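In what follows, a structure is listed as structure tokens, so that the remarks can point back to it.
In this document, chain identifiers A, B, C and D correspond to the written order of the chains, with residue numbering beginning at 1 in each.
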Amino acid sequence: MTMTPDQARSLVSKQIRFIVPDADLDGLPPDADLRRTLELDSLDFLEFVERLSKDAGVRIDEDDYPSLATMESCQAFLAARTAASD
Amino acid sequence: MSRRRTSATGTTGTGAIAPPTQHRFELLRQMTRIRLFEERCVELYSATKIRGFLHVGIGEEAVATGVLTVLTAEDSIVSTYREHGHALVRGLSMDSVMAEMFGKVTGCSRGRGGSMHLFDVGHRFYGGNAIVGGGIPMAVGIALADRMRHQTSVTACFFGDGAYAEGEFHESANLAALWRLPLLFCCENNLYAMGTAIEHEQAETDLALRAASYGMASWSVDGMDVAAVEEATRHAVERIRAGDGPCFLELRTYRFRAHSMYDPELYRDKAEVGHWRERDPLELLTAAMRADGELDEDAFEAMTAEARAEVDRAVDTAEQAPFEPVEDLTRFVYSEAVGPGPTRAGEEGAGS
Amino acid sequence: MSDFTMPSLGADMDSGTIVEWLVKPGDHVQRGAPMAVVDTDKAAVEIETFQSGVVGDLLVEPGQRVDVGTPLATMLAAGEAPSAAPVSVGKAKRPRARRVPPPREAAAPVPPAVPREAEVAAAAPPAPSPPLRHHAAELGVDLASVTGTGTHGRITRRDVDAAAHRPRVSPYARRLAEELGVDLAAVTGTGTSGTVRAEDVRAAAHARPEVPPVSTEAPRSDRATIAALMSRSKREIPHYYVATTVDMHTVVSWLRDTNRDRSVAERIVPAAALLRAVALAARRMPQLNGFWVDGVFVPGEDVHVGVAISVRRGALVAPALRHAADLELPVLMQALRDLVGRARSGRLTRAELADPTLTVTDLGDQGVEEVFGVIQPPQVALVGIGRLVERPWAVDGLLGVRPLVRLSLSGDHRATDGYTGARFLATIDDLLQHPEAL
Amino acid sequence: MSTTLVETTYREAMREAMREAMQRDERVFLMGEDVGAYGGCFAVSLGLLEEFGPERIRDTPLSESAFVGAGIGAAIAGMRPIVEIMTVNFSLLALDQIINNAATLSHMSGGQVSVPVVIRMTTGAGRQLAAQHSHSLEGWYGHIPGIKLLAPATVEDARGMLWPALQDPDPVLIFEHGTLYPMPGSLAPDAAPVDISRAAVRRPGKDVTLLTYGGSLPKVMAAAEELATTGIEPEVVDLRVLRPLDDETIVGSVRRTHRAVIVDEGWRTGSLAAEITTRLVEQCFFDLDGPVQRVCSAEVPMPYAKHLEEAALPQVATIVAAARQVVSG
């Protein structure tokens, strides 16, 4: 069942909030680089990927990492990946 | 819906037609089992094996035996805290009742109820109740359910002269009579509400007379004569099954021992106890059977010995039985996830 | 022969007093016959025998209180002779229900109370209550110096707290302060009566000066201690610096392959491979793995690699990845994740906070390409790691694009010299070319 | 599946719920004072007597102990009775049956006896009925293990809670606040049963959690709107189930907002609000950025005069003030 942008957004925000509890996600521009603006180092990012793939139930390979750079790209990626499993 | 105002309040004497010998022997056996069981309980309590409250009905055996011998498996019973006799005659195993007194998990209520809360839904024995009169409204409800599902089963509800003064009795008597429910009110009038003689707790002590005012058939019965109790019960149950609505039996009886284990009995004198002991229900029946040449002394002796052995076995098994694991403390506060199918009374009732 | 014992006549009865015997030795008694009258503190009750037989010796005197279960008399089968002399049979005076306690000795004369100053001045405020005096003592507050704001000038707990400069802090604010390394004493509360709340702590945390790009942090993360340590390092340690560029192509492609069939949770990041290489190199070159103490190099008993971790909002700790040289790469990866996680939630163990034998500062994720770190006394080496970056690179004489990383070493010239430092970096580079051996 | 919603009221939703239950399960019947010929003191059971007859819509004499006990007995013997106690104020006369029998039999009988009865009662104040007709005793009943408590505050819950409550093998008490009966609402014609184990976030927010139930929900929602205009984003949690309390949702919300205001029409001492405050201190102590605020009825017998009753009850203004106090205080 293809994931809507809103669902994707809340899912991504939920995972980020685990790692950066007081991240200001509402004010985050959709095209802002998540890793740089939220100061996510490689371990943070790995944990983010791990939680996202479990929660969304989709497989995320290292090659997919670039498409998780921004909130916008995450929404597109999740929509595509969940559409593929319809 | 006309309601016939029948209020026969005559007392049936002891001239009842003698039931066949085998049946009278069985009545004697049941009363003997109760007597020996409760006498042993008094000893066990003194030896601190049984704790809490213990109310024995020594002297009132004829009531339980006479009433319950008439009821069938489909009928239901709601009793009070003086309930060992009712439970044993109804068919609860002596082992499960004694284990319950020892607070063991093999007790008929897993050791959680004790002497005042014996339950066995298999026998439709819906418990003792430690609240005076507390069980009566429930009995009304059971009878209501049976009537709504067009069944002819009867619900017998036991209570004492003390409960007769509780609001719950008056509300229930009115409701049962109003809705013509298949309910048998059995008032074990042993003349004392704990330490208060009946004339100090009831303005009108003829309880059957007062019960009739609710528009239901009522009788006073000699509660020491098991034959008289049985006959009155049979008569009442026939009317109930015929749909005539509830009946009320005032079973005049007497308890030979204290209200409970701790009771200095300041409220009555020994002479009165002695007087009532002369009409010990067991002795009344054995005397009647001997007079009619129906008592086989050897069989009587063997039966008594077997009853004593049954009590001994019950005590031994109770002593070895395990306690309920503490981990189960909260189990059954709410019903456990029950699969489909009639595994509990609630469901069985619907099915039968 | 059997015993007739004191029965329990109620759940709350554990002893009773014989008031009167109703039988005497030699009497024949039937089961249920009354034997004696017992007083149970509530009333006198007749007790009965559960066996028929002949009364033997009466073991307890009237007026004597005994516990439930205590033998009161012996019972003989018919024909047995009673042994001891009969106990006096008779009615003892019924003991009063409640035993009157023996009159206390005349109490010592109480000295006339010396009026305390507070009671002398009729208008003086009421003396502080004992628990308040205890609270003040605990906080080292001299009550005499405190003016009470309570009714009639009574000193209240809040007055004591204010006097002890103990700010009232909401539990959430207290937790946040600990997480963000904010010193509560320095925070002014904006809540009612100066209560410090979460936003005050956040404000304090934001107002903190930016973290110096280069320096490593001592395990204690508050600013003052770090400052002292860094200046001591610069003052005492003659630093030398060497650096090199490492071709990470082999490592990166090896990682990509093995990660493909690993679950996300088990994937290995390049930083872990680099740490592993540093640890193995430190084992091979122990002269860089230890401490300079009182003019002498003391080698570390094992390789404990200090990992500089940024706790949110700029604070830094460098707990040790203990026995890193013995941790296979996948195991080291999980240890690293665990260490970072605990560092961030403030649950590091004492051992981990104790001195690492050398430290690594990987600022690749922060975007810098090269790091020149300040050694953390008393260690003698610090490895700096820059960002993994794609660059043109000569490969077998041909031009190609390769993932490269700048490694640097800050060395304590008292313990080692540039030659050793250079060989150390070369060793790390060599280790990284054989990732399957990491 | 027609999606056109049907305009209805809380009262009619509860009536429809009872009608549907009796149509679907012949063990279900309604018993209580004036539920039949009179059509129910609050007209909830209007028309049911004509449709189902006197056997299944049973008017009772004024004997709360007897007919509540009878409901319990009938449930034990296989029926699924709905017992209506006219108001919680009269339920005091049936407390012995509810506590010593309904709530106790399953555990005391070692699991043999279960009591699948539903007891409905009107609750709460606000209609100038004075002290003896205005009690809010949910806190008492919430104290008793062995029963479950529901407080439908919306038309949807009024329609959807009864069927699952009747399926429950244990006694379920449903408290219907007297002021809610005329409340309008829209429902799907074949409205489905609802969950009866979780609380519900009626309005997501981030600055403070407003916890409430039953008749207070409308006032809390109004207070939330007013707070929103001043830049405070409250989160409103409707408890829906008062026993067992849904700690997960309650604690989850306060962990996000770090502030809590509990609005409960009961008297503050030993109230549901007191129990919830204790659970917050036990489970969210290090998330609390200010003391929990409780907005309860004044500890007085409810007065008749309107201005006095309003002064005694939680109101929008007092809820707003409490929220502002904990946010800025």
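Quick note on the criterion: a contact is a pair of C-beta atoms (placed from the backbone, for glycine too) under 8 Å apart; a residue touches a chain by one contact, two chains touch by 3 or more.
Just so you know, these numbers come straight off a predicted model, no measurement behind them.
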| item | value |
| --- | --- |
| Touch-network distance, subunit A to subunit C, counted in steps | 1 |
| Third chains touching both subunit D and subunit C | B |
| Comparison of B-D and B-C (more C-beta pairs in contact) | B-D |
| Centre-most chain [mean C-alpha coordinates] | D |
| Chain whose mean Cα position lies farthest from subunit C | B |
| Centroid distance [mean C-alpha coordinates] between subunit B and subunit A, Å | 71 |
| Chain centre separation (subunit B, subunit C; CA means) in Å | 61 |
| Centre-to-centre distance between subunit D and subunit A (centres being mean Cα positions), rounded to whole Å | 41 |
| Shared interface positions of subunit C, touching two or more other chains | none |
| Chain pairs that touch, as defined at the top of this document | A-C, B-C, B-D, C-D |
| In the complex, subunit D residues that touch subunit B | 27, 29, 55-56, 58, 60-61, 63, 65-79, 81, 96-97, 100-101, 105-116, 145-146, 148, 169-170 |
| Residue numbers on subunit C that touch subunit A, as the complex places them | 202, 256, 259-260, 264-265, 267, 269-271, 310, 312, 336-337, 340, 364-367 |
| For the subunit B and subunit D complex, residues of the former touching the latter | 76, 78, 107-113, 117, 119-121, 126-127, 129-131, 134-146, 148-149, 167-168, 171-172, 174-175, 178-179, 331-336, 338, 344-351 |
| Sites on subunit C touched by subunit B in the complex | 5, 7-11, 13, 40, 42-45, 50, 68-69 |
| Residues on subunit C engaged by subunit D in the complex (per definition of touch) | 170-175, 191-192, 197-198 |
